[in-house]
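Take this structure first; my questions come after.
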Amino acid sequence: MIRSFAFTTQGKLHSTDLQRFLMPTLLSDTNLFLWIDLENPSIEDAKFILEGIFHFHPLSVEDCINESQSPKVEEYSPKEEDKFSQYLFIVIHGVDYSRKDGVFATSELNFFLGKNFLVTYHTVPLRAITQVEDMCVKGTLGVARAPDRVAQRLLDSLVENYKPALEELSIEIGEIEAAALAHPSKETLNRILSVKKEVFHLRRIIGPQSEVLARFARGEFKLIRPHLVPYYRNVSDALYHISEMAQSYADSLTGILQIYLNMSSNQTGEVVKFLTIITAITTPLMMIGTWYGMNFKDMPELHWTHGYMIAGIVMIVSTVATWLYFRRKKWF
Amino acid sequence: MIRSFAFTTQGKLHSTDLQRFLMPTLLSDTNLFLWIDLENPSIEDAKFILEGIFHFHPLSVEDCINESQSPKVEEYSPKEEDKFSQYLFIVIHGVDYSRKDGVFATSELNFFLGKNFLVTYHTVPLRAITQVEDMCVKGTLGVARAPDRVAQRLLDSLVENYKPALEELSIEIGEIEAAALAHPSKETLNRILSVKKEVFHLRRIIGPQSEVLARFARGEFKLIRPHLVPYYRNVSDALYHISEMAQSYADSLTGILQIYLNMSSNQTGEVVKFLTIITAITTPLMMIGTWYGMNFKDMPELHWTHGYMIAGIVMIVSTVATWLYFRRKKWF
Amino acid sequence: MIRSFAFTTQGKLHSTDLQRFLMPTLLSDTNLFLWIDLENPSIEDAKFILEGIFHFHPLSVEDCINESQSPKVEEYSPKEEDKFSQYLFIVIHGVDYSRKDGVFATSELNFFLGKNFLVTYHTVPLRAITQVEDMCVKGTLGVARAPDRVAQRLLDSLVENYKPALEELSIEIGEIEAAALAHPSKETLNRILSVKKEVFHLRRIIGPQSEVLARFARGEFKLIRPHLVPYYRNVSDALYHISEMAQSYADSLTGILQIYLNMSSNQTGEVVKFLTIITAITTPLMMIGTWYGMNFKDMPELHWTHGYMIAGIVMIVSTVATWLYFRRKKWF
Amino acid sequence: MIRSFAFTTQGKLHSTDLQRFLMPTLLSDTNLFLWIDLENPSIEDAKFILEGIFHFHPLSVEDCINESQSPKVEEYSPKEEDKFSQYLFIVIHGVDYSRKDGVFATSELNFFLGKNFLVTYHTVPLRAITQVEDMCVKGTLGVARAPDRVAQRLLDSLVENYKPALEELSIEIGEIEAAALAHPSKETLNRILSVKKEVFHLRRIIGPQSEVLARFARGEFKLIRPHLVPYYRNVSDALYHISEMAQSYADSLTGILQIYLNMSSNQTGEVVKFLTIITAITTPLMMIGTWYGMNFKDMPELHWTHGYMIAGIVMIVSTVATWLYFRRKKWF
Amino acid sequence: MIRSFAFTTQGKLHSTDLQRFLMPTLLSDTNLFLWIDLENPSIEDAKFILEGIFHFHPLSVEDCINESQSPKVEEYSPKEEDKFSQYLFIVIHGVDYSRKDGVFATSELNFFLGKNFLVTYHTVPLRAITQVEDMCVKGTLGVARAPDRVAQRLLDSLVENYKPALEELSIEIGEIEAAALAHPSKETLNRILSVKKEVFHLRRIIGPQSEVLARFARGEFKLIRPHLVPYYRNVSDALYHISEMAQSYADSLTGILQIYLNMSSNQTGEVVKFLTIITAITTPLMMIGTWYGMNFKDMPELHWTHGYMIAGIVMIVSTVATWLYFRRKKWF
């Protein structure tokens, strides 16, 4: 699906669903700003628009079409020949955590940001895109005056959308902690380790995004007007905050793993204690019983009048004494 | 609550509880220095003062009003138009450790520091603010001569207030260590891990604060007069000292965890030893007793005159020997 | 084996299997570009061509001939005397993971890249070389116009060939994880540890390659024309992606090791549980049986009418009760 | 105690125990160099000398008087007004390891180093001070010609005094290792962990000292004459060597901890082995004894002529076989 | 022992065993290059030559004579007075691993490298020195033309001599791995930990050497002629390669330790399994035997015609069933 918008520099919507042959004309009109959003287009369409109309460098077009790129920002400025446009090419990732699989799905968003155009390319529908399109079309906040402002809003939305994923994660970690304390099982270990892996994965996702955003926050690019740099810095700060939360999740999980392992080795300890108690408590009876089960011809105790009673009393007393001994040692 | 003060450049209190319409006038008087403290104001009030009167950048106002920002310092200087003031925007965190929850609560303090004004914004009452207000109003120490001096005092107070939290922590770590040595239980493990998490958290809090303070200590900002830089360096040193203590706490806790885990696995070892001793010591009796409990027609020992006595002596001797054997091996 | 090609600057094949005495002449023709590929040549041949014809620095020739160099790129430019050529000397490694040994074999590829020549040197046949030779000879893609473009293609192929190795690894890790969960044995541990070592090895291989490629991506070398830098950057990005995958493998393996160790200690726990259950369940029978095996003259229960039946019932009831107790405690 | 010396620039002692009113005069004499050593002076005395006579910055005076500062070096040069002197303020720590407490005590030494004066401040008597005073007064080595040379000597002495502490530590680690191998007990674990903590502590102490000394070694300060920089570099190298030793101690302790934990879990393993051997060896006797203790009416073996003898032989043979089996498996 | 050589700038040997009074004369002859090798000289000799003849800075002379310096390179250039020579002072370490002690012995080599002289100082005979002396005297390779070339050869030899030590280590690690898998014992653990410590030690030795060599590889020193820099880079690369091998040894040892610990805890697991099997398999016999050992008056089974046979069959069947059960569970 291809959506296209032309805005005036006052942020008003000029026209939508632009026909392709019109695009070059509109592009050359410095009073207009074009935003083309390519959502999972056919490769021919994409190539026609990106290379044919906007004259982007073939490598960035290739990076754009191939998924699974690392986040990056590259500045292209026409050098020898006038063939290519001047633009920033940005690859950034949104994140989506589905608790069912327990896996972070990242969705790639590619930007081509020029003086008076913004081209976005993505294969799956993105909430951030829809939100910002709404904003621009409805003219609220007046963000649609220039492509660098719209791009900032898109980045902001993307980063904001990390937060629900983090909250899901936070809830899951809470559940796991409870499980580790209540009834540690093999499944608990698996959950701990898989969530830990996801948190590490998340940190590895955030790392390069941060670097990209930091370059904007430092105002490295001439295509971003200086008075917008604080807004980009804001986005960068938000991502920093998220990466800090991810770090604290990693710490929590390390702690939970420690608890789990301890609980699990404690269980064996408890079982051994139980075995020892049984053995110890039955020992007096077994000793007396076995001893007087002997068939020696001449065992005087066996013929005492109260022999059996004495044996019984000795047995009961020693058993109770053993029991009390364990009680006092707080074994149960 | 909004408190406002105007001081002369001699550090004398000029007027308090300034009326809003007067602020712009007072602000333009270069012989005065204004300090406005906004404690959990309504959003309208805050916006009116921060944007309407002081002309701060909307983004720093937004950062100020939204909690949970990372510590930072940003320099704003008016560029194109004269719309915004020249000021430093500082976000810094105080810390408060309540032993009940075992959680570090951080409270955010926002500063706007200009040539002749200081605006502070916080949502909860802060001891640092009260202390410095007292100092300024009572005119002791003559700190109220300029906003950069007052800001330094505020930072100093904030950092000083980390210390009681650290002491609480230190006491708690001592208690946990004692518990881990005396009677390691599941609760001990939980306490170790939760305090460890808090210490890690504390280190993560201190990290970015240090970076912010280091920028002051290096004298990066023109709004801070050079002869005050050593004072800022002092605050930065104090924080460094605190972060070092946090590091040493983390080391202690790692050691305590090791002790705990060892104690806990030792317990199982002790139980197994106990079981082995019982089994070994009863073995002679059980062997003799079982053997002579057999019903073979022709077992000569059973008919010996002193058969039973000999069996008893053998049993006692072997049992005592086993006992002594364990004693010598220091099993108990 | 020595293969040699001369291309025109239009990327057309001019001649192949160049005779050695012709090389200097062809080399001085600025309309041609020579590519000499030395595949495991005799040392004399190599020295003759590298030193005699191309005038490379003896040290880079030595590095080239000796295997097991670290990846590197060095710029040689003639200084005092005109003796040496101007060229880049590049050492880079391809990777080949054979599941049989579970070891990453690296194969070294040496480049000498000049204005109008490319000399490649390797001891084993490399797929990357064959692929790019095909491309050049068949004239597809027009890459054969200049040595810097061909070199980029070679690097690209080398990096691409890392991917099957990574996939092999990924499959193996999956198998190991299944094994660790299903029946953890000593062999599983060995496999975990050896694959982990290989992943660490892979990361150590990738590290320096990345640094070399990063220098190209930054456009550090004058011999690489600026408009090719994005292509080199592409190769560098691909390698970064690979190193990220290696990192995630390392994380997986750490998790699997944790699972294995836990499974293995769980097994002992289960065995102890089993032992305890047997002991506990047989305890009532053993106690009653031993007790009434005593030979006291006067044991009234032995003479009760239903004595034996009562003993039997007590024994069965206690045994069943013990059984139920363990059931309720979920021991089996 | 306050000691004061005036030396001529030839390194000769000019006068000692200077009276306070004379100090300013002597200070203004460029042919003299003053060294004032303040050992635990009263605060008034300290303030009088440091602020009144030498005109140091109040912040460095405050840092000097308050203990527990981080090591640092700060350069003060008079700017606006001529009020303050030009000097370097240095805080450095000596170390003292007492084996009784097993704790590194650090003692702070503060320097004020000017063109022609050196003021040292410390609260406890320091061996380094005494050594260097002796050297200066006796005129050996001619170090007393200038304050930067004396300061270097002091630093050198301080760093030298780290070595006995390290040797104490080394001896202690040796003892602990022996204990961990011979009879690992809870006390051993405590000693390992507490010495480990001290080594970490030591490394944290050395870290910032190194940074301070490195600044001298780089020749950053104008007050240190260039031809003395190699001497400062020497001190810095010595400290580097010490920090390397501390690192190797940390490695040793990690190894010892591993040994301890292994020994401790081995002990349990040995106990279990012992239990298993007892159980296994007594099994044949118990089986035969219990079986032929049955009271079945018709058990032919009981009436065989050599029944008892055969039972005895079977029992002895199986017991010896079991015994041999364990011997062969090297269980004891 | 003191060896001395004078070479012409054509690399020919001019004279050896120079008399001391001649040295200054030869030194001032710019057509000659002197190499003095001091092997464990008396301190007076060393001082006479180093200070008296070559005018080196007393600090580098002191560093040279005192052993156990960290590797370093320092540039001395005469400043104020012409007293000192211009030279590089280099401290570097060779390594020697003796398997008997399992300890890396490092031997220090000190260089003084000037425009037309090279002074080497070492306390033990070094193979690197002998090798390079041979090379120079025999005039092979023409390295004796200049001191910077000879110095490079010496460094090269020193680094080459690391390799046998590494191979020893590699063999030892292989043996330890086999031992850990075959029969893990306390000695194995000790070997693992002590070799690990040595590998860490080796890495700590290599670290600073690398830094020193890297400075040469970057061409930092004017005394090294630019066209020799690639040769120094070569030495630096070789050391990098060695440090990489050390890293891979460290990884191996971590894996072996893991195997050892697992094997050791597995052993206990096996013992417990054994105990459980014995207990379980004897249980049917013990239960039946104990039960029918009771002396109740009226136990009908005892009087059944085939009572004993039935008991025997039940016992054998249950025992075999238990046996098969464990077989199926793969316990043995």
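Lettered A, B, C, D and E in written order, each chain numbered from 1.
We take it that contacts are C-beta pairs under 8 Å (C-beta built on N, C-alpha and C of every residue); 3 or more make two chains touch, one makes a residue touch a chain.
In this text, all values refer to a predicted model and were calculated from it rather than measured experimentally.
**Q** So if I look at the partners of chain C and the partners of chain E, which chains show up in both lists?
**A** Intersection of chain C and chain E contact lists gives nothing.
**Q** Count the smallest number of chain-to-chain hops linking chain D with chain E, moving only between touching chains.
**A** Steps on the shortest route: 1.
**Q** Would you mind pulling out the distance in Å between where the CA atoms of chain A average out and where those of chain E do?
**A** 42
**Q** Multi-chain contacts only, two chains or more: what residues does chain E have there?
**A** Chain E, residues with two or more chain partners: 265, 268, 272, 275, 279, 286, 290, 293-295, 299.
**Q** If each chain is a dot and touching chains are joined, what shape do you get: line, ring, star, complete or other?
**A** Looks like a ring, each chain touching just two neighbours.
**Q** Enumerate the ring members one after another: first chain D, then chain E, then the rest in ring order.
**A** D, E, C, A, B
**Q** Which of the residues in chain D end up touching chain E in this complex?
**A** 181, 226-227, 230-231, 233-234, 237, 240-241, 244, 247-248, 251-252, 255, 258-259, 262-263, 265-266, 268-269, 272-273, 275-276, 279-280, 283, 286-287, 290-291, 293-299
**Q** Once bound in the complex, which stretches of chain D touch chain B?
**A** These residues of chain D touch chain B: 57, 59-60, 62-63, 68-70, 72, 74, 76, 79-80, 186, 189-190, 193-194, 196-197, 200-201, 204, 257, 261, 264-265, 267-268, 271-272, 274-275, 278-279, 282, 285-286, 288-290, 292-295, 299, 301-303, 305, 307-308, 311, 315.
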